[in-house]
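Every chain is named by a letter (A, B, C and D) in the order it is written, and numbering of its residues begins at 1.
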Amino acid sequence: MPGVPPARFGYLGPPGTFCEAALRTLPVAARGELEPYVSVPDALDAVRRGDVGAALVPFENSVEGSVSTTLDELATGEPLHVTAEVLLPVTFDLLVRPGVSLADVRRVATHPHAEAQCRGWLRATLPDAVVHPAASTADAAAGVEAGTYDAAIASPLAAERYGLVAAARSVGDNASAVTRFVLAARPAAPAPPTGADRTTVVAFIADDHPGALLELLTEFAVRGVNLTRIESRPTGAGLGRYCFSIDCEGHVADARVGEALSALRRACADLRFLGSYPRADGATTNPPRGVSDAAFRDAAAWLAAIRDGR
Amino acid sequence: MPGVPPARFGYLGPPGTFCEAALRTLPVAARGELEPYVSVPDALDAVRRGDVGAALVPFENSVEGSVSTTLDELATGEPLHVTAEVLLPVTFDLLVRPGVSLADVRRVATHPHAEAQCRGWLRATLPDAVVHPAASTADAAAGVEAGTYDAAIASPLAAERYGLVAAARSVGDNASAVTRFVLAARPAAPAPPTGADRTTVVAFIADDHPGALLELLTEFAVRGVNLTRIESRPTGAGLGRYCFSIDCEGHVADARVGEALSALRRACADLRFLGSYPRADGATTNPPRGVSDAAFRDAAAWLAAIRDGR
Amino acid sequence: MPGVPPARFGYLGPPGTFCEAALRTLPVAARGELEPYVSVPDALDAVRRGDVGAALVPFENSVEGSVSTTLDELATGEPLHVTAEVLLPVTFDLLVRPGVSLADVRRVATHPHAEAQCRGWLRATLPDAVVHPAASTADAAAGVEAGTYDAAIASPLAAERYGLVAAARSVGDNASAVTRFVLAARPAAPAPPTGADRTTVVAFIADDHPGALLELLTEFAVRGVNLTRIESRPTGAGLGRYCFSIDCEGHVADARVGEALSALRRACADLRFLGSYPRADGATTNPPRGVSDAAFRDAAAWLAAIRDGR
Amino acid sequence: MPGVPPARFGYLGPPGTFCEAALRTLPVAARGELEPYVSVPDALDAVRRGDVGAALVPFENSVEGSVSTTLDELATGEPLHVTAEVLLPVTFDLLVRPGVSLADVRRVATHPHAEAQCRGWLRATLPDAVVHPAASTADAAAGVEAGTYDAAIASPLAAERYGLVAAARSVGDNASAVTRFVLAARPAAPAPPTGADRTTVVAFIADDHPGALLELLTEFAVRGVNLTRIESRPTGAGLGRYCFSIDCEGHVADARVGEALSALRRACADLRFLGSYPRADGATTNPPRGVSDAAFRDAAAWLAAIRDGR
């Protein structure tokens, strides 16, 4: 990527969102320059143009930002590859200006999705507060800094960004909520397999007959490749025709994954490869009997011997 | 539903959103009382409590509101059934106060997802305008009414709601974008089949072995039941275990659909039925050979004769 | 079966064959009248006409008699049901007239298939003997009785039948060879399940597209029904179109087997039920999770409640 | 095959059987030396020893000889490959010594299977004749030549062999009966694909779990390879464990067939390749979309480009 400093990263802004918090957990981004974008398409287009080397965007279970927008943006337009993923526990704090106490809070701002996840706490602790919807949790924090609101429900990172402090920590009703983000970059050879990898593709089916999805999944299953996510997505003009956004275990360099993707390539109207990258949870893939790289090599040798009459 | 006037409907607000516009297309809601809720969980809980008879919420491809929140809210908590669906073409207008012309527009407000879908038009027509993110397109329209912004990108319905007029119509870059909403009510016997029905379920798989999803889909496929949407959703503590949110063609009263759902009920840790209802696109289901109700009746008679030795 | 004494049984003759030996192991035939038939079609037609109440014929791995003839005879014509099966270890003895010793044996008669299974022993023990082909091992024994040959390789039962004695026992090269026979009777309600049952059907596929067989087998697999035998058989005019002769575990009265057979009935051009009967090896069927009769009952109750809005 | 004249062929005898008739239809055998063997194992062992270059044996739907013996003999022991197949319409003639007329026939000899297939004709034309079982139709003809019987039901070829003439032609009840024979030789590189090929294998499954067969067939189905014959065969000690004898369309040199066989090789305890050879019926294989050699080449190039980051 000539001319693009690799230490420049985009993310779904504004500063102080969960997406920035997620990006800061990536060692590669620790000392990089981080650039907020107002939307996922903006962040991804910045990668495509080369303004940033990569961008982190929400991919699953997002508090803010539309996951379906991310799926659709990666499925179309100039190709991008996922090179890393981040799993971020969703921790909401109630942020106030220094010196403001919980008892002073009348007007609370936050994103509607965040409010939904903190409703139990709000009802129990601030039953009289009025909640104002903001475009993001970071916007809510900015509104507190500006004095428009008394408090914001936001990421802990937003406190630092906007000079606020936590009047209460972990105010979310579900302590185990997790959001998944992916780092998208311009296409290149994937990093070598680590043994705990994930591969993402988008499959555009050739026709919409009953069982078309089943056929796709069978291509993975016969090769012992486990799926970890699947979503049908409407394509083209309306909701009638579908593509499938799929994550599977393993790496495109693995024989079983390579053969499965080749099969999808043959069977589908189009198959877009979106990257092989290390799993954030570090879970090692244990392929079932008969689909290891060694098993594929042995079978290839056996076939060659038969074809050659050896 | 004693004490609940059936003509009272909730929706994802605020007034003037696409969700309200969708609700107004339903004949049953035409003369009803429509109540906005700040979030999908709030709208659905109002149904559960009986405050409203039903609520319309975004289900697929939403401009505003998180579809994954809707999926998860319907998958858990007190059961609800979908009784109708609405497909709404997404039409964005640029709304201003009466008397304001396009040339006067400097500050535009809208939801970030809406901005992303109108970026081409904005760049070409208002290259110097600054775009401010709002929590919803209706909030943006309210901000124009209040004089905070010069214009809002919003639903045509928002013009009427907030006393605005369109300075430009259909400013979205993709003229064929469609959002799907579902009407959720408390459980009751589904309305009879129309021949063009859809059924929605959530399947919680018993364990996460490779091929578990394939097995689920096979239960549909062997009975000639076509899927129209599938999404894996993480459950419980973290992203490791999954359930599947599924739409299929047909009605639970159809023999093939009933047998397929019974099979899923047997195979899954849990299966939640979320409703059988008419398709908004009116597309008739044409089951393949051998899975009509008549074919099921004939096979049942054949089996009974064998078991009885007739 | 008015007028047909149930204690009259046919079998593939002549007397002294392995088939008679197999029939004698069935308690129900112990005191019955046993009638030999020259061919499998003759034996089965005797059942159809009511000349005998049932007939035992070779079904798998036969030493004498064509298993494919049996398969085809049961697949066509007036329907018959299998009501029992017999597994007979194949034990070959070298039979001679009393007083004749091994050293005197020059001319040995047997059925060619039996010869093939005793070739090792013959080569080692009687290297100079000449082997004459007979139409059956019993015919060979009859030829020894008549003085045409010095010895016959035949079933131990043939010694008793033809006044011979064993000059050598267990002369077969494979001590574990087993033949399977089935008892065919006119259609009636199957005996109740024992928990260790087998069911036999013939499926005529509607068309010969790739994957037609796979679809059939999937109907069994999704309901946890294990197959124990499958053979494709050509039908009609030539070798181009196929039916499948199938044995599965379980009884037509089992919910999972009944639903699987009903599904085949719907999917196939024709499905012929050939009986549910106790397994000769007594192996109990252990259906996997979710396909017990109780699981089917629970799922049916669940479905009824949904359909009725309970 | 040094020292073995390729023009020497074995077959299941004695001379005058249908198997000899089938062998004579093969151009390669037209001027060869043909050697009868008393049994299928004898004929195949002669190939293994190099006494003959190849042997023709019955493989499907045999009038004489046990097809299951052939399947089992090819599945075990020193490997052999099928290099050709023959489809022979089964034509039975009633053979007599010259000068004998139909009215003179009292004693008819034939193989029991042949008798079963001519029963209708015998009943109508020779109701008073007594039928004697012979070890083969050729043995029956030999018995007529020797004066033991008046007539034999046998292959037209047997007339020539034993100096007989046909007193009646085509006396079989099913005019369209066909038997399939295969020519087995010692392993060598298969002849190149003709576009109308068949491939035969024996698959020994690793364990006997429900669905093991389904998994095998799925490996063929996902690659668009159609099966034309399948039979489960018991292996080892008793009838409890199974292997599968399988014919499929196509040639091991075809990409889709090669990948399917490699997959079986990986999945099975053992896979024995038994040959790729031209179909006797000349039916061209028309692989479905996406599994042509060109489609495999394109997918391989696509995969290589992704792995290399091109």
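Keep in mind that, in the parts below, a contact is a pair of C-beta atoms (placed from the backbone, for glycine too) under 8 Å apart; a residue touches a chain by one contact, two chains touch by 3 or more.
Keep in mind the model is a prediction, meaning the values are calculated, not measured.
J.: Can you list every chain that touches subunit B and also touches subunit C?
T.: Shared contacts of subunit B and subunit C: no chain.
J.: Rounded to a whole Å, what is the gap between the Cα centroids of subunit C and subunit D?
T.: Whole-Å distance between the two chain centres: 23.
J.: Between subunit A and subunit C, what distance separates the C-alpha centroids? Give it in angstrom.
T.: Here the centre of subunit C sits 60 Å away from the centre of subunit A.
J.: Counting in whole Å, what is the centre-to-centre distance of subunit A and subunit D, each centre being its mean C-alpha position?
T.: 58
J.: When you check subunit D against every other chain, which residues touch at least two of them?
T.: 218, in rising order.
J.: Take each protein chain as a node, join two nodes whenever their chains touch, and name the resulting shape: line, ring, star, complete or other.
T.: The chain contacts form a single closed ring, each chain touching exactly two others.
J.: Taking the touch rule as given, give the residues of subunit B at its contact with subunit C in the complex, in rising order.
T.: 187-190, 206, 215, 218-219, 222-223, 252-253, 258-259, 261-263, 265-267, 273, 289-291, 295-296, 298-300, 302-303, 306-309
J.: Please name which positions on subunit B make contact with subunit A in the complex.
T.: Checking each residue of subunit B against subunit A gives 38-42, 60-62, 65-69, 87, 111-113, 115-116, 119, 131, 133-136, 139, 176, 178, 180, 209-211, 213-214, 217-218, 221, 224-232, 234, 236-240, 242, 281, 288.
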